[in-house]
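Here come two complexes built around chain A, the first alongside chain B, the second alongside chain C.
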Partner chain A sequence: MTTKTPGRTGLTRYTVGLPIVLVLLLAATQADFRSPQNLLNFSGQIGALLIVALGQLFVTLVAGIDLSVGSVMSLASAIAATQAHPLAAVALATALGVAVGAANGLGVALAGVHPLVMTLSTATFLQGLAYVVLPIPGGAIAPALGAAATGQVAGIPAPLLWCAAAALAASLVLRRTRFGAHLFAVGGHPRSAYLNGVRVQAVVVGAYVWCSVAAAWAGLFLAARVSAGDPALGASYALESVAAVALGGVQLTGGVGSVAGVVAGVLSLGLMTNGLNLFGVSPFMRGVLTGALLLAAVSLQRRRIVGM
Partner chain B sequence: MSRTVLYRAASFVLALPPAYLGTAVLLASAAALRPNLLSPFLLLLILRQAAPLGFAAIGQSLVMRCRSLDLSSGGVIAVVSYLLTSGVMPLPWPLALPLCVLFGALVGAFNGFLIVRVRASAVIVTLAVSMILSGTVIALSQFHAVGDAPEILREMGRARVAGVPLVPVLWIAALVPTALLLRRSAFGRVLDAVGANPRAAGLSGLPHLRVVFIAHVVSGVMSALSGLMLLGFVGVGNVKLGADLALNALAASILGGINFGSGRGGMLGPAVAAFMLVFLFNFLTSLGLGEPGKLMLQGTLIGAAALAYCLRHKDAAH
Partner chain C sequence: MASKQRQPLVELRGVSKSFGQNAALKGVSLAGWPGSIHAVTGENGAGKSTLMKLLAGVHVPDSGEILLKGRPAALGTPARARRAGISTVFQELTILPNLMVAENLCLGRELTRGGLLDLRALRREAVQVLERTGIALNPDRLCGTLTVGEQQLLEIAKGLHSEADVFIFDEPTAPLNRAEVDQLEGLLRALKGQGKLVFYISHRLEEIFRFCDTVTVLKDGAHVATQPIEALTQEGLVALMVGRELEALFPERPASIPDLPALRVERLAATPHGPAVSFTLRRGEILGIAGLEGQGQREIVRMLAGEQPRHGGEVHAATAAIPPGSVEAAVRHGIALLPEDRKGEGLYLDLSIEDNIWLGPLRQTALWRRAPRDPALVRRLAERMGLRTPPAQPVGSLSGGNQQKAMLGRWLAADVQVLLVEQPTRGVDVGAKAEIYELLRRFTAEGGAILAVSGDLPELIGMCDRILVVRGGAIVADVPAHGATEEQLLGHALRSESLSEATA
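Up next, the complex of A and B:
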């Protein structure tokens, strides 16, 4: 085989090509897709997924997986719906993210619990807590939060700006900081990273904290968009963020992934949902198509390792 | 002298998978707080209720031993439930039930093929297969509403052999041969070798890929079987029937002492853990905790058990 190896970004022509093909297909066949209103809706629809998937990227880079992001989103939205002051909501949600991330990270890095089990147990706990904080969907979101998530700045819709900010922040951290370089080092080979002086456990904890904080903010964003809290708001996002990350060429075995890939993966998932709506296909087929896309995507990225 | 014996006994108990100690603690707290949960009648019912999870845990622990994972049982069970309850497959049960098991085997073979031949990530492959299967069932349910489960399955759920429900007997009947297979057969040896070090197993000329493939086929069959049992208990078809089974089976396997690829742990550990989890759900319900409190305690207890076990073995390794 003489195919070029994608290196540590995991970007291949398929990961980048898929959203482009989908955009061209939709733009050519559906006039509605090109309308500014649809583009505005679209950026709002994918915003939360993009923010949480960029968090998931950090965890997958160190060969982890975080199934608790969905519950963190739900709990953050429940918190937002019970706080009158917007800053209190943001501060509490951020604190929640830090606490959950630290718990997950310490369990995985210090105790050596498998990430699937560790984050599954925190996900179960937090889901219960979300029902305690807000038993039924509802509550009131502070108007300032709603404006921040749905308004416009200089004619540019706010969701688009949040997406750009999230991608930029993740990209800067991964490319320009020591923490970013260490994430790749730990994911590539934890033992050699350790021998070269990287504090492996601290890096892993940092990745989980980043991921949980991103999930908490994604929950705030989503709650602000629908202007209500919902204790089951994020239920589907745990697996969906993993799917988006995998579609973007990120390897679950660690050390391979990029912000551009995750953006491409989220765009692919979002465009598919949007396209299905426009084509009038039953929304129930969405899971089927997502699954098929995922299978195709992972089948095209041949690895050396068998298993996980 | 007696102190060393005590010490040895204590360290033996502590070295066991968390499921054993957890079950003992749970039974003791039930004896103190809800003694009627410990009546033989209820214990047997809980054992019966734990059987589907037990079957799923057999399959899950097999694939985990060779460093793989199977998250597809939700999808397999959705299809099995649809095939048997919607009337799309008008066959007598002696044909229909084996076809469902065969379907499970085929899904397992498909997973195994993609994981072994295409070298795709097991998490993603089995997740995607589950999404495709349950999505298809949900889409099709618009045309064929799900109905009652076949009488034979409901009969099997109720049947008793000498006072003991049939389903736990079947569970034990499945456990014994798989445990023997792991202990005594060449397959078990190769499985452990692959789990301990896949590269070394491959370089030594062991059929390391075939073992992973077979483990996935067995896991698919186990998913289908637990789907049949769940269907018998519930009595009517339901798309969400086995939705959380895969992750619970994963938790049961870990609490039962299975670790990704260490070759540790047998067949009894996950079975005890499956009983422990289902007993825990019942115990928490009997305490009158609402859904939130139940979820919180459940998460805490599973996390605490996994933490305690892993911390101890980390100490032992150093």
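Up next, the complex of A and C:
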């Protein structure tokens, strides 16, 4: 082995370098970028994506993909908009995440449905449900939730704190729990993991549940920021979360990835959006660029990291 | 044998296991005692690994019982078998490439404190295990960078690192060198001294006689004998393992083969500057290709099948030259490949026998034409193949032998003149082997020609009319199969002087 392998984090100089280059570029050319107001906006903009992408990371580690995260976000926001009590909204959204994740996970792990088909089906199902619950954007989000998503704690903007909390939680689970260790094992080689006594199916179900709960909370976060529910709130997040994960060096074939990589991927996507705004480029170009970046990130992924 | 006063640690009572139509184990009974290294041996496909996988929780027996310390045990999954005190080193490597050495060692039994992994304790434990087993590996190394031998050592360390009473080692020494085997012997003896039971699966007689105290022999899925090692000689053990009439397997050869070429191969080369091969395959002939693994056998066959590009050389069928690099052209000239990997390359596992056979004649039908089926033809072929399963059954559920027959049936239905056969009976049980040899011989008796590659020398000697030996991509010998011996063929395969222009 003469070349340094990125190991199982999947971090390369490109995954880490891209957001740094973007920050330098924007800071050098756009005075507005450096304004505190813009930085505050920025953390709010990427918060939801970071939370979903950290969920998507778990599913990707076991070589799955979850396209239903967007619909889960939308439905969670629709539900939250119909609840007056903040705790009721949080509890219902969490329950939604657990139920959807369990359905996706059982479908994939037990019934053997391909993850794309399974989660696309639940995505369609839940999107319909979101329109039933809340046909048009509106409703009212409990003020306490709004405060939690937009306020400040000791001068630090709340979104930043939520981002940090999400990253820390994901990192703790991945590095310091059996579940986390087994996610990597299952993603590395499911049969070998099984022969080593890992309960593969339970691990896969756990990954999908984690992902859907993360999506539900991301939906809450976003709804709280705009103080309204929206049945199409999460539509763009399914593919953006996959793009962020791929940009972060997470192998879509499973077993390789890290929280740091996902943070880098989310930052890259977020900075790109922010930059396009500042440069005054049409917001529709964002989709064009996201697609191009996703393709580039996936094509550049090396098939044989750590000999897999 | 003081231990025999107590009860056996493990007892299998009449266990059977089938995969599809293939009976892997037929009513095997076996007892293992504490403080014993118990060899389980037999030929390839005798059922050794299947038997051990029942104990390891990978397979569940179709019938029969497994008792641990006298009590019936349900070992449905590897995790449960482990908890029941059975630690297994599988024949297949189960090291995960994206984990560290220490993580692999502790996988499935990670130490936790307060719900979180105790990473420091985990590493300390890994260091201890590696030290105790004398295996020099860095616990922080990523396993994707280990060699196969190192991975095997890690598997062994992993198997030993367990609070188990029963240890299973399935062919653990294949990638190990002599010193490492000695090291393993010491570790196994230590287990024996602690009153553990070790099942040692191997067909290396030397190792069995060196460190096992009891031997169980399996043959074709059935239990042949369990005896203390002192009661056996090496010859006696071999007789228990084989004891099969080889001659009866093969049909008779034709007395003479007329000089009618079915395939003329001239200066065929797999690489631009590599050696070229020339030979003639005659109608009515089964021509074998022997050699050590990876000496160019596969390339020759694949080039003839049009599956791999060729660098120079010509191939002539009975009537015309065959253009290179096109499977379609090869089939059009009546040349068909029966690949070694039947499941991956040869068959449509989800389709029925009938559909798989019917694909053969379909090749001659233009794409825009209707493709009427001729059930009578399929039935005739299935009958001729000795396929006794209903033609609507999916091919994936068939035994290896029946799959081979279905594939053969397809090409017979397509009316080909030359069959290229890779490993004709790999994964096929003994009864079906004889049938396949018979079918191949019938094909040539009716004017067809066969080129067969096999790693099984007795098979080539029994089945073929003539055998080519290859080494380093060149043909080094061309011998009549009748009267050939394994020693003679191996001699050619190993020796260095070249007769590469020896042509028929």
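Of note:
Here is the rule we go by: the second predicted complex is superposed on the first by the 299 of 308 C-alpha atoms of A that agree within 3 Å, B and C clash if a C-alpha of one lies under 4 Å from a C-alpha of the other, contacts with A are read in each partner's own complex, and residues count from 1 in each chain.
Rule of thumb we're sticking to: a residue touches a chain if its C-beta (ideal position, glycine included) is under 8 Å from a C-beta of that chain, and two chains touch if they have at least 3 such contacts.
All figures in this text were calculated on a predicted structure; none of them were measured in a lab.
Judged by the number of chain A residues each one touches, B leads among chain B and chain C. Once the two complexes are overlaid on the shared chain, A:Leu120 sits against chain B while remaining clear of chain C. In the overlay built on the shared chain, the residue A:Leu252 is in contact with chain B alone; chain C does not reach it.
Residue contacts after overlaying the shared chain place A:Phe184 against chain C, while chain B stays out of touching range. In the superposition on chain A, A:Arg8 contacts chain C only, with no contact to chain B. By the touch criterion defined above, A:Tyr194 reaches chain C but does not reach chain B. Looking at the shared chain after the overlay, A:Ser74 reaches neither chain B nor chain C.
The residues of chain A shared by its contacts with chain B and with chain C are 305-308.
Touching chain C in their complex are the following residues of chain A: 1, 5, 7-8, 172, 175-178, 180-181, 184-185, 187-189, 191-199, 255-256, 305-308. Listed in rising order, the residues of chain B touching chain A in the complex are 66-69, 114-116, 118-125, 127-132, 134-136, 138-139, 142, 198, 208-209, 212, 247, 250-251, 254, 259-261, 290-300, 302-303, 306-307, 310-311, 313-314.
Residue ranges of chain A in contact with chain B, taken from their complex: 65, 67, 107, 111-114, 116-118, 120-132, 135, 239, 242-243, 246, 251-253, 282, 284-292, 294-295, 298-299, 301-308. Chain C meets chain A in the complex at residues 56, 58, 77-79, 82, 88, 90, 92-99, 103, 107-110, 112, 115-117, 119, 142-145, 158.
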